[in-house]
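Structure record follows, encoded as C-alpha cells.
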C-alpha cells in the first residue's frame, strides 16, 4: 500500500560528475502561465517560477542557509534605519535583446510594471515608496518605513528585470515575449503547448548555461506527466502532489529530487464570521483534526511530515515548542469545546442552545482537495459539527475569500518568504492588509510584526516568530495538513537539478517549490552517457567478482 | 451527450406531387401502419434475452437508489483510513477508495444520485421541451418558427460550454446540477416532441375530434398527448443514459454534485488519481456506469424503435 | 395435386407448385401456396387478387428476388425458357440469376414514385442494365437510352436523360420504369400493379403502352392487378388469387362467362359497375380477407363462402380442370349450385 | 337566393348545404397554390352528392373547407342557412356537429390509444349528452358491430373494414344532418368495399342523412350518388344528376374520365379508342393554366379557352328545369359525334 | 441555387446576431470577477480591483459593452485578453489548427469505420454479425470520451508505448509525429461519433434497402456492391450528413475534455482555461467563434444537400 515499502533508490548520485555542454532538455510542467511579464502574470505557481529561473534572474536569492545573497545584483545594502536600500548592479549584464541592464532599466521596471495600479505585484511592494537612480548601475529604494527583510521582495517577480525596450516594443503583447537576463532566451511560445528556449550566449555568468535549449511543456494532468517521463517523451517532470511523489519513489530508471517546502495545505477560518469567530470553535476544529489522516488521504505518508506551524522542521524558523503546543488529534478535547460553545447562551452564531454548529467548508473542484475536504468533513462531523461542503471554482473561491464572504475554506499557504512578509500578509490589519483573509488580528501579533520588520538580529526575530506561533496555537486562525513536498524527476542523463551555486561558489537554496536553476543543469550526451553506463557496469562486475 | 438524433435530414417531401393512393396499395400501407403489429411487438415477445437482462440491471440500479439507506452496506461517507485503497474482495467487497470508504456503499448511494439527476434532468427536459415541442407542432406558424430559431441558436453552442456556464451560475448542489442538465435537454426534447406531434396531428383522428367539436385543449390532451408521450418517454431512457454520461463529464472537470455526495462520475474522476496504484477505484464505478448506460441505451432504443416516427415526418 | 401443363415445350414460363413462406416475427406467412401456371411467348397472364393475396410475393419469386427470410417448398419449380434452354429459377445461383434479371426477365413496379432512385439521373438508371448485361460503353448506352425513352413515348428524351425522377410526373416515371424493364429485350415482363398508383386518365395510357409493346415484342407478360377491369381486356388468361393460392385460372372469356369459383363470382358481384344505375344494391362478401399467418386447413374462402359446407372447412380443395385450360380449386363450383347461373352477373 | 353567376345553385326549400365560391389556398414554400378555386354547389336534404376528380384536384380540400378545417380563404358555406365561415369559436364548434366527416384511411382516423367505445362516445362526451352508453350501443349495432365484444377493444384489433364501421358509428353518434365521406372505401379491399358502401346507404336511410361522397372511383361514385360534381385542378367542371352526367358527359374532361375507366363490361370500355385519351399530365396547381384550366389537355381547346375562364352554365339550357351544368366554352352536345380521330394514342 | 442562397442569407445573418447576443449573455452569467482573477490572490485590494475593472471597461452597462464588443467583432477584432495580453483572434487562430485537425480526424476516422460497418450491418440486417456490430455501437455509446481517453492512454501509451500519451507535434515539425500525437485524442473523440454514425446510417440503409428502387436495381441484375454503393448509400446518407454537421457541437464539447487530458494546445482547452480564469473576452471570442462556425457549417451542410440530393437542388 502507498506510503509503505516498494520504494527504490532513485536518488541522484551525490557526485553529478563533470558538466557536459550541449543538449536539448524537455521539461514537463504542472501548468501554463497566463503572462510572462512580471507584474502582469501570476507568477506564484511552481510552473511559472521554474520557467522564470530560465528566462529571468532574480536580483537576490537565498542561499542554503536561508540568507539573502545578491545574485543578479552585485550588492544590496540598507541604511542604518533599514528604510533606504541601495542596490548595485553588476556591470556588463545584458538583456536577451542586447539592452543593457542598468539603473535606468531597473527603475523603468519598477515604475511601469510594478508600482502601478492594476499590477499584480502592487500589493506586495506597498512598503516601497519610490526608487531613485544614484548612478549608472546603482539605485536607491526608499521605503515608507523600515523593513529589515526588504531583499526578500527582490527574490520574486519584482526582482526579475525585463528589457524595457522589449516591453515597449511589444506593447500589449509584451507578456508573450519575455526578454530577461536569464540563461535562456525565448524562441517561441505556443501557449498551452510548448515554450521553446535556447541558450543565451551572452549570459553574464561565464561558462553558463550548459544546455543548448530547453522545451517547457505544460502537462497539467499528473498521470500524463509521469507517463510522459516513462515513455521518454520528457526528460524532466515536476510535481507537488504527494501521491505522485510516492509513485515516483517507486520508479527505477529515473532520478528523483525532493525538497520539502514550508508551504502547506490548510483550512482557514474567517474570524469575522460566526461561528468561527469564536476561538473555542476554531480550537475545537483544530483538536478534531488528525493531520496524519489528512496527509494519508493526500497520499503523502512518509513524504509530507505533518505541519504544525508556518515552517517545516528543516527551516531555521522552526520551533519545537510550537510543534508540541499545536492542537491536534484530541477528539475528546474537541467535543468538550463544541459542547461549551453549543451550550453558551451567548453563542455567536445566534442559534439556540443545544443546536449543532453548522459549518460550511468551501473547496475547489480539484480532486485531491475534494478528498481533503471530505476528510475534514468526516473528522469535524465526528466531534459534533454539522459540516457542509461547498464546491466552487477558483474564480468564485478567490472572490469569496477576498470579500470575506466565506466561513472556512481549503487554502494553500505559500510560506517560502521571510516570516515578516508572511505574517504581515496573513495577520496585518485587514483594512490596510487585504491579504489577511482570515481577518484575524491580535495586538501581540502587531507588536511582534514591528520587531520582525525592524530588528536585524536573527535570534530576536526568531523569538518574535515563536511568540506569534504560540499565539496561533491558541487562537487557531487556520489548521495545517502536511508540508508540501516538491519533487523533480529526471531521466538519468540529466544532472545537477538541485545544487546550484552563486557566482562566488556559495551553495544555493536548492529547488524550493520545484524551482530549478536551469543555468547549471546539464545533460549527458549519447557518448558520455554510454561511457558512464559502461563504467558503471564494469564497476558492478568488478564488485561482483 | 445530448446527441440530437431527432433532427432529420431536411429533405422535403416530394414537392407537390400528389400521390394517388388507392385500392390495394393504400390498404397495404395502412396495414403496414397498423398498430396491431406495433403493439404485439411492444407487449409480446421479440425483445430477446439482452433486453430483459438490461432491464433487470436497471431494476437493480433503481432498487439500489430507492433502498440505499436500508441495504446492508456500510456508511458511504465514513472514511476508514486503514482501509484506504483496499482492493476488491478484501474487507470491502468492491474495494475502498482513496479515503478508505467502502466502494460498494458508495456505488449504491451513487446510484441514487445518478437516478435522481437523470430522472430530474430528463423530466425537466421532457416537461418543458416536450410541452414546447407539442405546442409548436400543434400550432405551427410563428410560434413554431420562433421556437425552432431559438433552439437552433441554443444548439449552436457546445453543450459543455452551456453546462459550464449554467453550473457556474446556479451552483453545484444536486438540484442545481439536475436543473442545469435538464435545461440542456430542452432543445432535444422539443424537437422529438415536435416531430412526433407533427406526425400525430396529420392523423385524421385529430381532424375527426375537431369535427366533433372538441376544444383545442381537449384535442391536445386526449388525442395528441397520449400518442406523443410514448415515443417521448422511450427517448427519455436513452436520454437518461446520456445524462449519466454528461454528469460524469462534469464530474471529470470537478463540476458535478458537491462532495461528499457520491456520484458515479465523481467516483470515476476520483479514481483517476489512483489509476497507477489502485485501478479498481476508477474501474469499478466505470463498469457500473457503463453497464447502466448501456442498459438504458439498449432498452430505450428497443422501445423507441417501436414508436419511432418515420423520418419524413420529422 | 399439380396439374398438367399443356405444350410444355413451347411455354416461355412454367411455374409448378410454387410455394413461398415468409418467416416473420409473429409467425410464418404462407404468402404463396402451390401456384402453378404456364405462360406462352407473346401471351399475357392477368393475375387478380385482393391486397395481401400474395401477388407481389409471387412476382418476386419469379424474379428470384425473394427476401432473405423467405423459404420455398422444395418441390416447386419455375422454368424459364432462355437461350440456354429451360432453367429452373429456384435452383440457380445468385450469380446466374443476377445475369438473367433484367436481361431475360424484367419487372415494372406498382409505384413509379418510389421505383426510381431519387438521387440518380434517369440516364444512369436506364443505362445500368445495358452496361451490365450488354456491356455497352457509356455513349452507346446513352444513345440506346434515348431510343428507349422515345419508344415509351416520353417527350424530349435527350434532355430528360439528365433529369432526376422528381422532375417527372407519375405517368412519365412509369414510362421510364417501363423503358428500364425493356432495355435488354426481356422475354418475360412482370408488371406488378403498374397503374394502381396512377390517375385513371394516365392509367389508360400506361396500360395501352404496356400491352402495345408486349404485342410488338412478343414478350410474355404477367399483369398483376387488384382490379379485374384492368386485366379484363388485356390478358389472355386470368388467374384469380386468394390467400396465396390461384383459386381459378381461365382464359378471359371463359372466366367471365363460366366462372367456377365462388370467390370469383362474389368478387365480380361486389364491385360497383358503371352500367348499373345509381343506388344498385351491391352483393357484399361478408367477413374479411384471411390472415396468411399460420393458416388453418381447409379452403381459405370457406368462412365467407355462401356455398361452403363442412368439407370446405376441413380439406383444401384440389385444383380441378373444368374445360379447356380452365382450372379452379373448389369442391362445390358455381356451376353446380342450383338456381345459380354462373353468368348471372352479366345481365 | 342563387345569383346569376352561379346557376348551378338551386333555388329550393330543402337545400341543407350550400357552398358558394369556395376558395382555399395553401402556402407551399414561397408559393401560394389555389387548391380550391371558386367552387359552388349545393346539396338538398337526403341527397347524395358525389365529388370526383383526379388526385390533387382539391376534393378533400373542399370537404374539409366545408367543415371549416381549416376555414376557407373565401366564399360562404351555408349550413341550414347559417354561414359557417362567419361563425367563430364556441358557436362554430356547436353548429359544426351537424356536419360529420369520414376519412379515407380508417386506421389513421382512429386514435390508437383509446377504446372503441370511448372513440364513439367522444362527441357525446364533448357535448355532455345524456345517456351516452345507450346511444353508443345503438350506433354500434347500426353499423354492425357488437357493442359487447367490440366496445372495449382498441382500433388495432380490428380490420380496415371494421375500423371504417367504427368511424361511421362515431360520426353518427352526434346525429349529424350531413355526412362528408372523403374516399371512405379507397383504402379497403375490394371485397370489403361493398360492405361499407351498402352500410352507408343503409345509414343514410336510417338516419335521413345528406351525404357528400368524395371518391376518385367513378363506378363507386355512380353507385352511391344522386348528383355528381366533377372537379379539375380546383375548379368545378360539371355538375348534374348522376345518370345525366354519366350517360351524357358534357365537359370534355368528364368524358375522358369516363372513357378511361377500365371496365370488365366492354360496352363501356374504350378499347377501340373512339374517345381520345387525355394526353399529358395534370398541370401543377401552383401555376394553373390561364382561362380554362383543362385546356392544356383538352382536345377541343381553342384560343378563347386560354383567355377566358368558362362560366358554369346549364346543359341543354332549353329545358326549364335542367339540373345539369357545365363550365366549358365548347361543351359536348348530346348528339355530338363521338368519333374524333384518336389523334394521339401512343405509337410504339 | 444562388436564389436559395439569397433567400437563406438573411436567416443566417439573423441567427448569427442572435448567437452573438446569446454568447455575450452567457458569458456575463459567469460569476466571479475577472479583475480579481487577474490580480490573483496575492495582489488584490479593492482600489486595485476597481481600477482594473475600469481599465477593462467592466463597469459599463451590459448592453453598451455588448454593442461595443459586437462592433469591433464585426471588424474582426475580438479584443485582447487582459490576462495574457494576447489578441483573442490571434489566440483562436493559433489554436484552431489543432482542434480542426482533431475534429476532422475524429470525424474521418468515425466515418471510415462507420460507413463500411453500417453497410455490412444493414446488408446482413438481423444476422449475428449485425447484432455484434450493434452491440459494439451500444457499448461505444455508453463510454464517455474521457474514459475512453484514459483507457486508450493506459493501453496505447503506457503499456504498449505506441502513441505518445500527451502533447502535440505540429504538422510542420513532423508530419508523422503530428499524426502520431493526434491519434489517441482523435480516436477517443471518434468512438462516440462512430457509434452514432453507424447506427444512424444502418437504420437509414435498412429503410433504403426496402425501397422499391432497390428492388428495381436488383431486378436489373446489378451486382450487390454496385447496389449498395450507388443506389443505397447516397440516398441514405442525408441524415448522416446532417448529424455530422450537428455533431460539431458535440465534437467541440468532447474536444474541451480531450484536449485537457492530452494537453493539446487547441481551442477547447483554451476555452476551458479561459472560463476557469474568467478571461471573459477570450471566452466570448471563442464561444462566438465556435457558435458561428457551427451555424455556418450547418448552413453549408444545408446547401450541401442540394449537391447530394437533386430533389432539393431543383426545389430551390
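Going in written order, the chains are labelled A, B, C, D and E, and every chain counts its residues from 1.
Keep in mind that, in the parts below, contacts are C-beta pairs under 8 Å (C-beta built on N, C-alpha and C of every residue); 3 or more make two chains touch, one makes a residue touch a chain.
Keep in mind the model is a prediction, meaning the values are calculated, not measured.
Least step count on the touch graph, chain A to chain B: 1.
The chain with its C-alpha centre at the largest distance from the centre of chain C is A. The distance from the centre of chain C to the centre of chain D, with each centre set as the mean of the Cα atoms, comes to 32 Å.
Rounded to a whole number, the gap between the C-alpha centres of chain A and chain D is 90 angstrom.
Taking each chain's centre as the average of its CA atoms, chain A and chain E sit 39 Å apart. Annotation: 53 Å between the Cα-based centres of chain C and chain E.
Contact with two or more other chains is made by residues 14-15, 19-24, 27, 31, 168, 253, 272, 275 of chain B. In chain E, the residues that touch at least two other chains are 30-32, 260, 309, 311, 315. Residue positions 50-51, 110-111, 166, 169-170, 199, 226-227 of chain C are each in touch with at least two other chains.
Here chain A touches chain E in the complex through residues 32, 34-35, 37, 40, 42, 44, 117-124, 172-176, 190-194, 217-221, 223-225, 227-228, 230-231, 233, 393-396, 398-399, 401-402, 434-435, 437, going by the rule given at the top.
Residues of chain B touching chain A in their complex: 77-79, 81, 84-85, 98-99, 168, 172, 253-255, 258-260, 269-270, 272-277.
Across the complex, chain E meets chain C through its residues 126, 211-213, 215-223, 230-231, 234-235, 308-311, 314. Contact residues of chain B toward chain E in the complex are 1, 3-5, 7-12, 14-15, 149-150, 152-162, 164-166, 168-169, 241, 245, 248-249, 252-253, 268, 272, 275, 282, 286, 290, 293-294, 297-298, 301, 311. Looking at the complex, you find that chain C touches chain D at residues 50-51, 151, 153, 169-172, 199-205, 207-209, 212-213, 216, 226-230, 232-233, 256, 266-268, 270-286, 288-289, 304.
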